[in-house]
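Note that the chains take the letters A, B, C and D in the order they are written out, and that residue 1 is the start of every chain.
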Amino acid sequence: MKVSVLGLGAMGSGIARNALRIDPSLLVWNRSAAKSAPLVAAGAHAAQSPKAAALERDIVLSMLADDSALEAVLEGPDGLLAGLAPGALHVSMSTIAPATAERLGERHRERGQRFIAAPVFGRPDAAAAAKLFIVAAGDPAECERARPLLEALGQRVFLVGERPAAANVVKLCGNFMILSAVEAFAEAMALARKSGVPAAQLVEVLTGSLFDCIAYRGYGSTLAQERFRPAGFAAPLGLKDMRLVAQAAEAQRVPMPLVGLLRDHLLETIALEGEDIDWSAIGRTIARHGGL
Amino acid sequence: MKVSVLGLGAMGSGIARNALRIDPSLLVWNRSAAKSAPLVAAGAHAAQSPKAAALERDIVLSMLADDSALEAVLEGPDGLLAGLAPGALHVSMSTIAPATAERLGERHRERGQRFIAAPVFGRPDAAAAAKLFIVAAGDPAECERARPLLEALGQRVFLVGERPAAANVVKLCGNFMILSAVEAFAEAMALARKSGVPAAQLVEVLTGSLFDCIAYRGYGSTLAQERFRPAGFAAPLGLKDMRLVAQAAEAQRVPMPLVGLLRDHLLETIALEGEDIDWSAIGRTIARHGGL
Amino acid sequence: MKVSVLGLGAMGSGIARNALRIDPSLLVWNRSAAKSAPLVAAGAHAAQSPKAAALERDIVLSMLADDSALEAVLEGPDGLLAGLAPGALHVSMSTIAPATAERLGERHRERGQRFIAAPVFGRPDAAAAAKLFIVAAGDPAECERARPLLEALGQRVFLVGERPAAANVVKLCGNFMILSAVEAFAEAMALARKSGVPAAQLVEVLTGSLFDCIAYRGYGSTLAQERFRPAGFAAPLGLKDMRLVAQAAEAQRVPMPLVGLLRDHLLETIALEGEDIDWSAIGRTIARHGGL
Amino acid sequence: MKVSVLGLGAMGSGIARNALRIDPSLLVWNRSAAKSAPLVAAGAHAAQSPKAAALERDIVLSMLADDSALEAVLEGPDGLLAGLAPGALHVSMSTIAPATAERLGERHRERGQRFIAAPVFGRPDAAAAAKLFIVAAGDPAECERARPLLEALGQRVFLVGERPAAANVVKLCGNFMILSAVEAFAEAMALARKSGVPAAQLVEVLTGSLFDCIAYRGYGSTLAQERFRPAGFAAPLGLKDMRLVAQAAEAQRVPMPLVGLLRDHLLETIALEGEDIDWSAIGRTIARHGGL
């Protein structure tokens, strides 16, 4: 199986490194070429363009920052669409709007190319350790074709339907639920602290009982220790995701009152703390509202 | 160790049954005496009043519906305060206001009696199976004294400080976080469903990855199956707890925007569905807002 | 018409001064007696207790700080209930819970006394200038009996029904709507200011067109000039009123999402600014959230 | 002064009719030509394209449905940009994003054309009666040049700065404040009604005292009588405006919690009532939440 990886940020680099185990001839591409060097040192080959990375490949994975970065990689004379062979498969792992995924699928279909969406849950350390949770959707045969590769990148692969956009909906729902959990935990901590209960004690009880899971253990500890820099997931990226949720909710006519609240707390956090802070620093904003 | 249990509702009955294993001479009392019968059949003895249940006992557990029910049990000529020996211990397991716990502690202290708070997480089935999570606070020596009993009632006992009210704060925080999780899950489900992703699929992915814990697995399944009757925890009780949270937040000057949202969704659910529905039926309200 | 006034705070003093024009033999009472001096200098007579102020009077007006202050004035051997003659009328002008008004009415009825509620809109300067808006409710004959007196105190008297509590509901709704208007104006100002439009310009346009009314002109200018001290209406009093609204809303099963928002902004304002600031200083909190 | 009007919807038609009084040779254009007929009957002349309407004119007014409709009118071989003479003035009266106004101003500047923004407050009946409130911004000399025309269209013209976008910010703030007022009034009405106070009575008291202004009198009566069809301003247009507010707020990093609430109530109203209902029908949604 001949594989390429487009996009070598913190997430894409870890993914590419694990993809090397499936295809030792792996091709990689990144907009700023310098990020290819460590992977080339590990055995991969650097392509000069998305098109070059796609030629004669079976599967091209992409992991870009946002919708417009991904669309820029697809289009144009040097783009992925121009290089991918008919029947070859593009696996889109970025967190993008469901509507964008539908549009991309259409673009590939026009050229006889295949497309599935496979966004992931997990931070860069999980990507490096092949511990991602991968949510895939699209034509079942194509999902099966990608499965050995995806299983090399994550600890579990979920299939959520035949329309690629379904995977992006689930991914956005997950990010929304993570930040909602942070919000609730932070509000509870503010009350606990002002009532004389240390935040760490609240975390111990709740993650030792009803909330004994990754999201609460991880963010509970981050909040209690106020470990917001360096950002594991920067607040402006979180704001972008909440905007995608709000747009999808508006398109589907679904009120989601928590989204407005989360968005406002992110805006305030960015306005007062700057752009380089973790999205969970809404907890600091919430604490400050209580005079802490 | 001579033990009594006051309050034999769904929770108190399970607790009393397990307490029998610690003290085969267990005394039980309930406002409406009929509820004592099954426990008497199992070997316990029925007391005629809280005072009678307290006389010559080492530890009296109470599990009442709310603050005023508990206060009614304490006061008056037949009350717990009148019967409990100096040095004997009252373990309050009800979900009550932290301020009430402080007041009760003061009342006991005036008479040389001991008092700790030990509210619990878990439904009646967990109480029956001795699988409760117990959050205890108060004088450390008294907590140790109660520990063998508490360990017979639950799967884990957490100690959260020397002031009894601290346990009640943690308990209220926990209930607030559960309903917040329900809110977030239900909003995400509404978006997913209108986007063509079945609720059960969203639940499978999220409880199989980031949210693999009791609260999300239990309520995720309840929401996806819309299993809101019979109520595991009735909406008016949830509303009472959110009111206690709001009162504590107001007293401590802590804004908690989620509390207002949850309270409004409970009010609407009760206004449209009646008083006998589970508190997680806010999920039905949220779905209806989206036209589902 | 023999009249008494109970409660000589900023509002009650102005009211009493205007009541002197209707009854030159006016009796006044205040918990701390010093506040009676200026009115005695103006011709009123100081009573030693609410009971003494009520004896042989036709109408007793009360203007107290809150529900419990009013109830304290009614009850006890020196209370209003003990002094008011059968058939004499108590006009309650305080901002209290509708449920409290119903209870007070019942207490008076038991003794053959009359009761109407007549809360007011307006600041102390409006009370002094007899420019209050008065919202009265209760037995129509009693309202007519009080009308000449009420018209001497305000610029307009509205009758809103035969149950006294109706007037208190309308009063609470009005205070809720005022603070909602402050919230909306302050959010708009924050956006305008960060977009380069001075707050005063926004105020000029909007109060010169769609919002040309007392509430917007007054608070628009207060917000634009950040004139929050001394408090015209202190934030803790506003918080008390929003609590009364929330309690009424809970009792009637009416979700009011704005109430939660306003309450949280008041809590944060008090937590960060102290208790002596005007309730409209939620505008400062809103501006701070945007980094202003 | 030679004038043209582009866009003959309900607002533009009224504006054009009044512009005829300033320029009897008025040119009008509309995408669907049929709407020109009544104005031609009144003496105006129909142009075949925005370009044709702009040639040799001093001032071109535009009143389009949204940002993209306005941009479509400007661009292309038959667009306004292609026809407007250097030094001639485009007065944009549409409710559009401030960022769009900045972009349009730049496009005109590149060609030596002039541009000011002059959005309006008022319904179609106000447009027909020349009773609009007009908020103008841009180069002061250009605003003065347009003033005689604007004064023929409205009852008052406000100048709010030298950057055209400032007028669009003020217009969006005004629409946000109107819908906020509707929200607050509707919440208060729900509480009043369930407490036994008719909505009309609440409206009478509040618009007769603190809120004696156009916005509250108009929407108070609409809400009390539930007169939501035909729509004076359709809910999807209100949703569009709230989206523009949210986008501006996100760009400026200003949390505006009311915007999220209003947007959710609009979404629910549209989901349950359809697209043809007035934006103030959020009041029906709010009432339904309380079981009314």
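Definition applied: a residue touches a chain if its C-beta (ideal position, glycine included) is under 8 Å from a C-beta of that chain, and two chains touch if they have at least 3 such contacts.
Since the structure is predicted, the reported quantities are computational estimates derived from the model, not experimental observations.
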Touching chain A and also chain B, the following chains: C, D
Self-contact between copies chain A and chain D, residue sets same or different by half: same
Chain centre separation (chain B, chain D; CA means) in Å: 54
Geometric centre distance via CA averages, chain D-chain A, whole Å: 40
Distance from the mean Cα position of chain D to that of chain C, given in whole angstrom: 38
Contacts with 2+ other chains: residues of chain D: 249, 253-257, 259, 261, 264, 267-268, 271, 289-291
For the chain C and chain A complex, residues of the former touching the latter: 257, 264, 267-268, 271-272, 289-291
Chain A to chain B touching residues, read off their complex: 98, 121, 133, 135, 156, 158, 160-161, 163, 165-166, 169-170, 172-174, 176-178, 180-181, 183-185, 187-192, 194-197, 201-202, 204-206, 208-216, 245, 248-249, 252-259, 261, 286, 289-291
Chain A contact footprint on chain D (complex, rising order): 239, 243, 246, 249-250, 253-257, 259-261, 263-265, 267-268, 270-271
